[in-house]
Amino acid sequence: MSSSATATPLPLLPATPVPSEDEDEGPHTSITADRAATRQARLQRVGQRPGTLNIREGALAPRLFLISYDDTFFEEQEYQSYEELLACFRQHSELKHWIDVRGYNDLELMQRLQEDFRIHPLQMEDVLNDYQRAKVEETQDGLFLVSRMTEFTRLLDIDDDQLSIFTGSNYVLTFQDDYEDCLETVRLRLRTGRSNIRRRSPLYLAYALTDVVLDHYYPTMAAIGDYLETLEERIFQGRPDRRVLNRILHIKKDIVRFRRLVYPEREKIAELLRMPEEQMPEEIKVFFKDCYDHAIQALDLAESYRETVSSLVELYMSDQANRANEVMKVLTIISSIFIPLSFVVGLYGMNFQREGPDGRINYLNMPELYSPWGYPILLMILGLIVIFQLTYFYRKGWLTNK
Amino acid sequence: MSSSATATPLPLLPATPVPSEDEDEGPHTSITADRAATRQARLQRVGQRPGTLNIREGALAPRLFLISYDDTFFEEQEYQSYEELLACFRQHSELKHWIDVRGYNDLELMQRLQEDFRIHPLQMEDVLNDYQRAKVEETQDGLFLVSRMTEFTRLLDIDDDQLSIFTGSNYVLTFQDDYEDCLETVRLRLRTGRSNIRRRSPLYLAYALTDVVLDHYYPTMAAIGDYLETLEERIFQGRPDRRVLNRILHIKKDIVRFRRLVYPEREKIAELLRMPEEQMPEEIKVFFKDCYDHAIQALDLAESYRETVSSLVELYMSDQANRANEVMKVLTIISSIFIPLSFVVGLYGMNFQREGPDGRINYLNMPELYSPWGYPILLMILGLIVIFQLTYFYRKGWLTNK
Amino acid sequence: MSSSATATPLPLLPATPVPSEDEDEGPHTSITADRAATRQARLQRVGQRPGTLNIREGALAPRLFLISYDDTFFEEQEYQSYEELLACFRQHSELKHWIDVRGYNDLELMQRLQEDFRIHPLQMEDVLNDYQRAKVEETQDGLFLVSRMTEFTRLLDIDDDQLSIFTGSNYVLTFQDDYEDCLETVRLRLRTGRSNIRRRSPLYLAYALTDVVLDHYYPTMAAIGDYLETLEERIFQGRPDRRVLNRILHIKKDIVRFRRLVYPEREKIAELLRMPEEQMPEEIKVFFKDCYDHAIQALDLAESYRETVSSLVELYMSDQANRANEVMKVLTIISSIFIPLSFVVGLYGMNFQREGPDGRINYLNMPELYSPWGYPILLMILGLIVIFQLTYFYRKGWLTNK
Amino acid sequence: MSSSATATPLPLLPATPVPSEDEDEGPHTSITADRAATRQARLQRVGQRPGTLNIREGALAPRLFLISYDDTFFEEQEYQSYEELLACFRQHSELKHWIDVRGYNDLELMQRLQEDFRIHPLQMEDVLNDYQRAKVEETQDGLFLVSRMTEFTRLLDIDDDQLSIFTGSNYVLTFQDDYEDCLETVRLRLRTGRSNIRRRSPLYLAYALTDVVLDHYYPTMAAIGDYLETLEERIFQGRPDRRVLNRILHIKKDIVRFRRLVYPEREKIAELLRMPEEQMPEEIKVFFKDCYDHAIQALDLAESYRETVSSLVELYMSDQANRANEVMKVLTIISSIFIPLSFVVGLYGMNFQREGPDGRINYLNMPELYSPWGYPILLMILGLIVIFQLTYFYRKGWLTNK
Amino acid sequence: MSSSATATPLPLLPATPVPSEDEDEGPHTSITADRAATRQARLQRVGQRPGTLNIREGALAPRLFLISYDDTFFEEQEYQSYEELLACFRQHSELKHWIDVRGYNDLELMQRLQEDFRIHPLQMEDVLNDYQRAKVEETQDGLFLVSRMTEFTRLLDIDDDQLSIFTGSNYVLTFQDDYEDCLETVRLRLRTGRSNIRRRSPLYLAYALTDVVLDHYYPTMAAIGDYLETLEERIFQGRPDRRVLNRILHIKKDIVRFRRLVYPEREKIAELLRMPEEQMPEEIKVFFKDCYDHAIQALDLAESYRETVSSLVELYMSDQANRANEVMKVLTIISSIFIPLSFVVGLYGMNFQREGPDGRINYLNMPELYSPWGYPILLMILGLIVIFQLTYFYRKGWLTNK
């Protein structure tokens, strides 16, 4: 057996999805579409025998990894065949093992794993169905933990994948449907000899995995926070259009969804903390308590973002009303100035005749028109009207920018 | 006795009610009308002796089905007379039986069933009254479970029927007021010999029935989800009219109603999970735990749809305001351009006389009119005014599409 | 003693208050006024010695009824004097009795009842004060139950009266301030010999009374439901005015109030269900469980109506905005068409002179006016402008009905 | 010792603050200002040693009253010196005493009271700080109860004062910072020999005091209710202006505050009811149960007022929109009628020349102007346009009052 | 050893941030930006080994203070080296010590403190990460308390710093990342010999520190309250612009955040109160109970401010609508008056010819123009129209200021 740790670590953070200013609004900003896939998967299952194993369409072909370790020993290897892995696992029962199954698309393999690790059919179904809430259940050998890993995508959606963890006396068995994951940091810590994980029980590895998943909620939240700031700036800069509202509501949906993902996580950890000593030793509980604090803080942050979103909607709505006001002010100022003027010039466009049909002079019929100063005086009057109105509007504050 | 399994399975999913684009808005989109029937039924009951059996108007004539089974044996038959069924049921007490009563419209039969299966009068009343919340109660022989089966109708309503289940040591007795139901998949599983249901106790059959009902919430939710997407698209495509709001509010009502239907279901299962071992063995509880997860997920989805609906209402309202803004912008642009122009041309339509009554020339009275370039210069001025204003409005962003 | 059952039963349902289309909006639609009477009554009590018996102003003179019964015996009689009633009650201690006091307006009688039936002064005060929430309390002889009977009045208000029930080992003592009540159906059932009530303990009679009160919530809710439909139709039919909003808010208040009346009823029954066997035997509890379901369903319905009301308010508000839009569209279309036209005709109303003062022809000054086709061409231009604008507005969808 | 009961009772109810129609809107309608004083007091305390006694600025000079009583004896007296009072109190240990301290402004006296009645420093601080929530705490000799007395002021604010009650085996010690209080009714009942208070323990006196405080919530609520009705009427009568909204929001604040004052009161009583028999005997609990009902009813009423307030805000907002609609309708009707008319008359104000410069008659240039019936026909056409438009607007319902 | 207490006390209250009227609205009024730093800090931690000590960027260099005291002795000194401090602390184990570490920026020192005071790595991480919710945890020697100190900054943000407190049998160890803090008042009380703190256990010092932090919530709330009043006044004074809404929403965010800071504080104290006697003696609990009341009052105040904020938003929105109404009224009045007048004068600007081409007089063509009184009568008619309209608008109340 030789130690191999050749996998290059994944970049810690995927580039955060700062949306470009001029991006298209494709269907991805739809408010409702995000769970279509889940819905589809769910529908296929309707009326099925409970415990029936179903491979989700589009699932990846499984890759099998085994990390065997104790205080002093470490080996990491990808196996092409399950038999080899199992042989190695069974042979070294004195070591602790992390069996890491990435990809579900092999029904037979899944059934063998179910049998060999004495997994309850319903739990195996949960693993494969892939849309479980975070939860913890007891198994014959230890615990079954479901965590949800989140990622904020370039399309402003929250992608979530499931990490299923089974613990046993000397192993941790994890399932996920992704070749690249956020657990690489745990592997890195395993590879270095000084890590706590190497010394402690598999339960501590399960904790470390759960903790990493929880830690990865922060990049998601940070991306949402950054995006909210972008949106806020746009509203402040001036002309928030309909797409901005659309995105605000989309982000709101993300936040609500995030909250729904994290809330069960908190519940799960609270349940772990309530477990008796023999299932969950006090020394591990201390660490899960820390997780619990993190989950609460993530929920706090989500709550805070919700408030921000509703403030943004209020700002947007108020802006909409403001712009309507502005349009109306322009209309009112121009109309109010020119309509009276138009009346006055219309007045002197009338054709009242100075000379009656009988030739008599009607001195009362628009004598102004015959005055030598008529026109200049009229222009002055018009000017005064304009000045008066402008003063009035200025006093009302309608002429200044706001 | 010969095994007969001739019934053809029902189609799994009724065609989902994708509403046509140009459908009429009949009374079915009423927000308030959906519970009129229930109300009517309720009113008839006012002041009645508790436990009085009342056949709901329009109930179907009962059809009696008996499925007798154990690990190795299976028989399925429709009986024309209750006596025959009872005889067969009593004769084979070593088998497990599913007595399936579809249709209530026979008071005498109901009373005989009540006596023969020792059903409490109030529980029999609950069966027939047909609008109970999901619940679980103890009976002398086992449990009384009420489930609500939902269907999303072509008229955008949620139809819900009641499935009443009584369990005994060797039987399950179900009541529903429908000949075609969503339980056919359970029958199919019974017919095949390998099913779990054949091996396990009647309680497991009760679980399987409950699970199927829960599974059928997903098509309902999927239909609502699809419809929400249709509505969202309409709003996005442009001119959402009043009917769209109407439908949004109608769907909101459906979602609220769905939530109210599913919430007691969750409570019911939680109560089952709290039951002592002798009433509800641990091995069955594992399965109900799975049901519990499903119920929570259905509620989650309903919650998510509620958020979507309120986002849609916000979008609709904002759109309404937007369109008002647009109308006003058109008015303002046209008025602002032409009202000043009208003033100017009105000005030169005035009749100030160059020649006073005394024949003196009033050189100040509108000399422009006599200038050879008067008219072309005026046209240029008018053109400049228009250009100035268009520039102003363009700068404000009022001329671009938004 | 002779059996007498001559009282004619009351009609089951008062005519439901379908408000006429053209009714006046008197003060009865006030949103705030409904509790003025209660407030007044409350104020009088301020600072009084607890347990002081106060007859509410306008209380009815008491009428005393006694129904004595057991499995085989039944007698129903109105007594003019309390002494006679008491004598008859004490003489036949082997029978069960229902002492039915209708009307409170006799302080002395109330005090005698308090003493003879060992009622706590505070409970007697509760009976007379008449605005208690539904509740249950223990007494020396049994239970003290307060129920609230509701009625939906012609003025769209919810009228509620109090029914106070004291149970003892062989009697039920009820108080209400109404000669006509909703309990007649219970009396009818008592009169017929086969009724459960005749066979069972007074607690069962108390249950039957409570159940009847709960059943009477349904006509109230049905009336509210019908009225909501009327309101919805009005909004749909077209021009919802301010009065409609007013009524919606009034009904909302009713629903909120109904909820506040029924919620304690549910609490009361839940408390009854938690009572130990000796206070509330299991066989009666089964029936109260049924009551509990009914109370929950009434609350469910109230919740559903609240949602409907808020949807109606949203519809109303959106309609208001729609009508503003429509008004503005008319203004915009007419202004946008005619203001440019007015400019054009104003243009050709100018008086630029073809002939300068010096007799020179200014060929540039409005040559159009001298063209033989000037006027017809202008009319064509005007027509084209109109056609262009109508096309534009049609494309925008402003000309079609919506 | 001689019985003295010369104090004249206070009027039961202060004149309810019905605000005059034309009152000024001074700063007192400010939404935010009401807690400035409390804030100030709080700020002074920042960083102080806990248990430091601080006399609030503006506190009254203390007046000391002692009521000594038992079944047969009663004496009421105001003492000028604390020593005399204490002497009298200690001398007659066989009597029950109510020591009533009104006004805090004597630090030394407060410290002596603290020592003599073994009051915990923090509790004495609570007494003097004067802005505690209602609460109950144990003391060495009995209980420490804090109640809040409310009053609805002429300025539409809720004034609240603190009543601090200490109970001992044979005394009740009360503190308040007011010479005139709402407890006078209790004193009246004490003075008359037949009262329950005279016979029962000091705890009963504490109950009576608490009950009177609770009873005084009703005048406050009644005043708020009356004021809400006034506001509603104003909205209904027609032109609700900004001040009405202002007041609605002010009242809303009062209601919210009232709720926050009463809620702890309910909690306090609930805690009293949970106390063990030796601290709170069952016979007193019965009375506090009554208090509990009253507190719940006050909270109910407050909740109901909150609903009313939000309905009033909705009405106000809808009215605002209505008035905007009305303004726009006037504009639209007048513009729509006259703008087309103006176009038509402008058309015939054009100067197209019948006679070309070459003297040729342009028969197509406005022949209407030369028709003998031109003007009357035009007037008829104008009239028809007006009639057509009025009909159109009438059909739309814009001409009728609403 | 000599007693040194030379540090001058900090001013009790930082000048409250009353914002100047004309301040710039920089990015600091952003609604979303306030937690960017926390987010950043959080991100750095993602995937790290739990218990890893990380110095936050920008942390201060540590300063070490030691206060040693008992009833009779007091010494306060700043140490340049940790060794000296530790020596002094260990040497005088009969005294009580407060070790006050201000600034974190020395990883090695932190690790030594962790070891010497047996702090759990996760707790040390909490100390340094600096964004923990208030909480209490047990340690090997006593308790670990986290408090959050708040300050309302000139930029309208709430600054919060963390105070971490470890208690042991004879010491209190505090950490904060600030040289100037709000704990100076506690030091002052320590310096004076009579203080309770000097006599009681270190737990009491921990209480005193917690209490001071809680007391400092009041200046924060007072500043927010003052600022709300400023905002309210601005809205009342007249022209609330967009910046006002912006600030209201910013303050709302502050209040929400404050609530989120204080809520865990309340939880923390509630948990302290639930602790068993040996961990938290009754005599200290009495004081924490007082803290609990203060925390609840702070939350109450925050709740009250939230209500105020939402009232302000409603006022702002209503004002916006009001101003739109006002603009429209001006437009409507001017248009309604002058448009009809313009029509009339346009009418008499028409060129209908009195003399037909054939020389015949068309007596019907505008005879008014030839009447000698035509013009004066027309002017009168115009005047009457204006008077009629002004009367109409006056009656509608549109001319008065409101």
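When the chains are written out, they are named A, B, C, D and E in that same order, and each has its own residue count from 1.
Note that in this section a residue touches a chain if its C-beta (ideal position, glycine included) is under 8 Å from a C-beta of that chain, and two chains touch if they have at least 3 such contacts.
This structure is a prediction, so every number in the text was calculated from the model and none was measured.
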item: Shared interface partners, meaning chains that touch chain B and chain E; value: A
item: Interchain contact steps from chain B to chain D (minimum; 1 if touching); value: 2
item: Same or different residue numbers at the chain C/chain D copy interface, by half rule; value: different
item: Chain centre separation in whole Å, for chain E relative to chain A (CA means); value: 27
item: Shared interface positions of chain C, touching two or more other chains; value: 321, 324, 328, 331, 335, 339, 342, 346, 349-351, 366
item: Going round from chain A, first to chain E: chain order; value: A, E, D, C, B
item: Residues on chain C engaged by chain D in the complex (per definition of touch); value: 30-33, 35-36, 39, 42-43, 45-51, 120, 122, 125-126, 131-133, 135, 137, 239, 241-242, 245-246, 249, 252-253, 256-257, 260, 313, 316-317, 320-321, 323-324, 327-328, 330-331, 334-335, 338-339, 341-342, 345-346, 348-351, 354, 361, 366, 368-376, 378
item: Interface residues, chain E side, partner chain D - complex; value: 12-13, 182, 184-186, 189, 195-196, 208, 211-212, 215-216, 218-219, 221-222, 225, 228-229, 232, 286-287, 289-290, 293, 296-297, 300-301, 303-304, 307-308, 311-312, 314-315, 318-319, 321-322, 324-325, 328-329, 331-332, 335-336, 339-340, 342-343, 346-347, 349-353, 356-357, 360, 362, 364-366, 397-398, 402
